[in-house]
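Chain IDs A, B, C and D follow the sequence of writing; residue 1 opens each chain.
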Amino acid sequence: MDKSRLEAFSDGVFAVIITIMVLDLKAPAGDNLNALKPLLPIFLSYVLSFVYVAIYWNNHHHLFQIVKNVRGGVLWANVHLLFWLSLFPFVTAWAGENHFTSWPTAVYGFVLLMAAIAYFLLPRRLLAAHGRHSALSHALGSDFKGKISPVFYALAIPLASVSPHFAVLIYAGVALLWIVPDRRVEHVIEREGHK
Amino acid sequence: MDKSRLEAFSDGVFAVIITIMVLDLKAPAGDNLNALKPLLPIFLSYVLSFVYVAIYWNNHHHLFQIVKNVRGGVLWANVHLLFWLSLFPFVTAWAGENHFTSWPTAVYGFVLLMAAIAYFLLPRRLLAAHGRHSALSHALGSDFKGKISPVFYALAIPLASVSPHFAVLIYAGVALLWIVPDRRVEHVIEREGHK
Amino acid sequence: MDKSRLEAFSDGVFAVIITIMVLDLKAPAGDNLNALKPLLPIFLSYVLSFVYVAIYWNNHHHLFQIVKNVRGGVLWANVHLLFWLSLFPFVTAWAGENHFTSWPTAVYGFVLLMAAIAYFLLPRRLLAAHGRHSALSHALGSDFKGKISPVFYALAIPLASVSPHFAVLIYAGVALLWIVPDRRVEHVIEREGHK
Amino acid sequence: MDKSRLEAFSDGVFAVIITIMVLDLKAPAGDNLNALKPLLPIFLSYVLSFVYVAIYWNNHHHLFQIVKNVRGGVLWANVHLLFWLSLFPFVTAWAGENHFTSWPTAVYGFVLLMAAIAYFLLPRRLLAAHGRHSALSHALGSDFKGKISPVFYALAIPLASVSPHFAVLIYAGVALLWIVPDRRVEHVIEREGHK
C-alpha cells in the first residue's frame, strides 16, 4: 500500500482545518481598535489551535518519513486522528467566544485529549506493520511526549471547572513541549540516509 | 493519461468535504453542557457523514492503487462520484438540524444511494480501460459490497417515511460493512508486488 | 521550472472552489419537500457551476499533461484563470438566489467569459515556452472550442437582459460542448508514449 | 527531511486561503447592478489580497525549487509565514467592509508587514541548512525586494491614520514590484539544469 495518498489526503485535511478556523474571526462592525477588542479571546483561541494543528502536522510529517507500509488498520487509525482534529474549529470557536470559561475550556481539553490518544495509537498501529526492531521502532524510542501529553490534558480537564485559565496554560505548556522538534526521528533518518 | 492528478484533485475534494461539514456545528450561545445538547443530533449526523466520506476515500485509495489508465470517461465517472459526495454537507446539515425526521432522512439516503451508484459505475468504467483479465478485474471480484449497498439504501429510503431512525440504523450498518477493509484488493497488490 | 507544484496548487484551488459552492445550499428551516422547493434554482445554479469547474479541471489536467516548461509568465497566466474561477461561488449564489433574472445571469456570463478568455490565453503563454512545432502546438490544433466559447458567452450576456433563461441555456450548451473529451490531446499523448 | 510534504501542506493552505476569502463577497439581496455597488470596496480588497497570496505562492514555489534540506527549524519558519497569511481573509474582510478607513487599513498593513518579515526570515533559516556558498545563497543574492518591502509597509502603516487610500496605493505598489518574476532564481535553476 502506497503511503503518498494517505499523506496527500491528510495534508489536505490539515490545511483545511488550520485555515477555516479563521472564519470564526468575523470582521467586526466598527472600524477602530475598540471594535477588535472583543475578538481578542477568539484570536488567542485561534493562535493556540493553529499552533496545535501545526504541531500535529509536523509530527505526522516526521512520523510518516520513516513509515514504509500503510495497511488497512493504519488508514483508519489515521482517519481517527483526523476526526478529532476536525473538531478543533468547533471547540476553538466555542472556547474563544466564551472567553475560556469552565465548560468550553474543559471540552477543548477533551478534544485535545482524544486527539493525543489517537496520535498515541497511530504509531503503535504502524509498528504492528513494521516490527519491533525496525527504524520506526528505534525512532519512536520511549515516546515520552506522546505518553505524558494525555496525562497533562486529563489533569487539566477537571481543573478547568475551578480555574479554566490555568487549564489553558497547561494546554499551551504541552504545545511548547511539542514545538521542540523530535531530534530522535531526524537522527534516525540521517543515519538511514548514510547507509 | 496520468492518474496522479486525478488522485490529487479527488483527495482535495475529499479533504474539503470532510472538513467543511464541521462548519454546521456552530458554537452555541451558552457556555455550559446544556448549550451543547441541541447540537447532539447535528454531531451524530456529522459523525455518520465523516465516516462515510472516510470510507469513500479509503475505497477510492484502494481502487486506484491498481489502476493503470485513466481515460476521458474515467475522469467524468470520478467527477460524478465527487458531485454526490459534495452534497453530503447539505444533507448532513438538513438531517442533523431536523433530528432525522422522515424527509431529511430519506433525502440523506437518496444522496447515499446516488453516491453508491456512482461508486458502482466507477470501477466498471475503469475495467473498460483495463480488460476483463486484468489485476483490477481480479481484485474487484464479485464486488459484493458494491452491489448490496445500493439495495440497502433503496430499502431504507421508503422506510424513512415510517421509521426514520430505523433507516438511519441501516445507513450506519452499511457503513460498518465497509469499514472492514477490502482484503481482496490488498491481496492482489501484495501478489503483484511479489512478481 | 517544475510543473508539479503548479498542478498541486491549482488542484487545491479547483477542489476548494468546487466544494465551497455547496455552502450556499443552506439547510432550510422546514423538514419536508416543500422546504426544499425554494432551493431548486440555487441547486441548478450549483450543478451548472460544478460542471463548469469540473470541465476546467479536466481541460487543465489534459493541457498540463503535455506541458514541459512552466516559466514565470505561465504561473501568472494560470493565476489569472484561477482568479476568475474563484468568483464562481459568488456568481453562482447571486444567480441562484435570484432565480436567474437578467443582471445576475449577465454577470454569471461575464465571469464565464473572463474565465474562457483566461483559458484561451494560458496555452498561448505555454506555446511561447514550447515552440510552434512542439507536441503541445500539435495537440492544441485549431483550438476550435477555445475560440468559439467566448463568442457564445459574449452573445449570451446582452441576451440575458431580454431572455435570461435562454442565456442560461447557452451556458449549459457550451458546457455540453466541452464535456466531450478532447480526443486530439489524448491522441498526441498516446503517440508520444509509443515513441 | 523530504521537502515534498512541506510543499504539499503549504500548497493546501495557500489554496484554501486564496479561495475562502471569496466567501466574504456575499450575494446581495437585490438583483440589479445597484445591489453590487456596495460590494465594490470588498471586491477591490479581495483582488488585492488574491494578488498578494498568489505572489507569496509564486515566491514560495521559486524558493523551494532550489531548496534541498528542510530541517526542523525550516518547518516552523514556514508555519510562521502561513500563520500571518491565514489572517488575510480576516483583514481583507475588515478593510473591505469599512471601505479602507484608517484602522482597518493600518491593521491590513500590519499583517502584510508580519508576513513580509516571516518571508524574510524563511530563506535565512534555509540558508543555515544550505551554507553561504550554495545555489540557494547565490539565487537569493541581495534579496532587495525582501528587504525593501517591510520598509514600505512600515511607512504605510502610520500613514494610514492620515490618508488610508495612499497607504493602500503603497500596498498595491509593493505587490506590483513582486509580480515581476524573480529572474535571478530562474537563472540559477537553468544553470544548475545545464550541469
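Everything below uses one rule, namely that a residue touches a chain if its C-beta (ideal position, glycine included) is under 8 Å from a C-beta of that chain, and two chains touch if they have at least 3 such contacts.
Keep in mind that what you see is a predicted model, and the values were worked out from it rather than measured.
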| item | value |
| --- | --- |
| Cα superposition of chain A on its sequence copy chain B - rotation in ° rounded to nearest 5 | 90 |
| Numbering shared by both copies at the chain C-chain B contact, with half separating same from different | different |
| Most widely separated chain from chain C, with each centre as the mean of CA atoms | A |
| Centre-to-centre distance between chain D and chain C (centres being mean Cα positions), rounded to whole Å | 26 |
| Centre distance in Å when chain A and chain C are each reduced to the mean of their C-alpha atoms | 37 |
| Junction residues of chain A - those touching two or more other chains | 8, 11-12, 15-16, 20, 23 |
| Partner chain C, residues of chain D touching it in the complex | 7-8, 11-12, 14-16, 18-20, 22-23, 25-28, 31-33, 36, 47, 50, 54, 57-58, 61, 64-65, 179, 181, 183, 186, 189 |
| In the complex with chain D, residue positions of chain C that touch it | 1-2, 5-6, 8-9, 11-13, 15-17, 20, 23-24, 71-73, 75-76, 79, 82-83, 86-87, 89-90, 93-94, 97-98, 101-104, 107 |
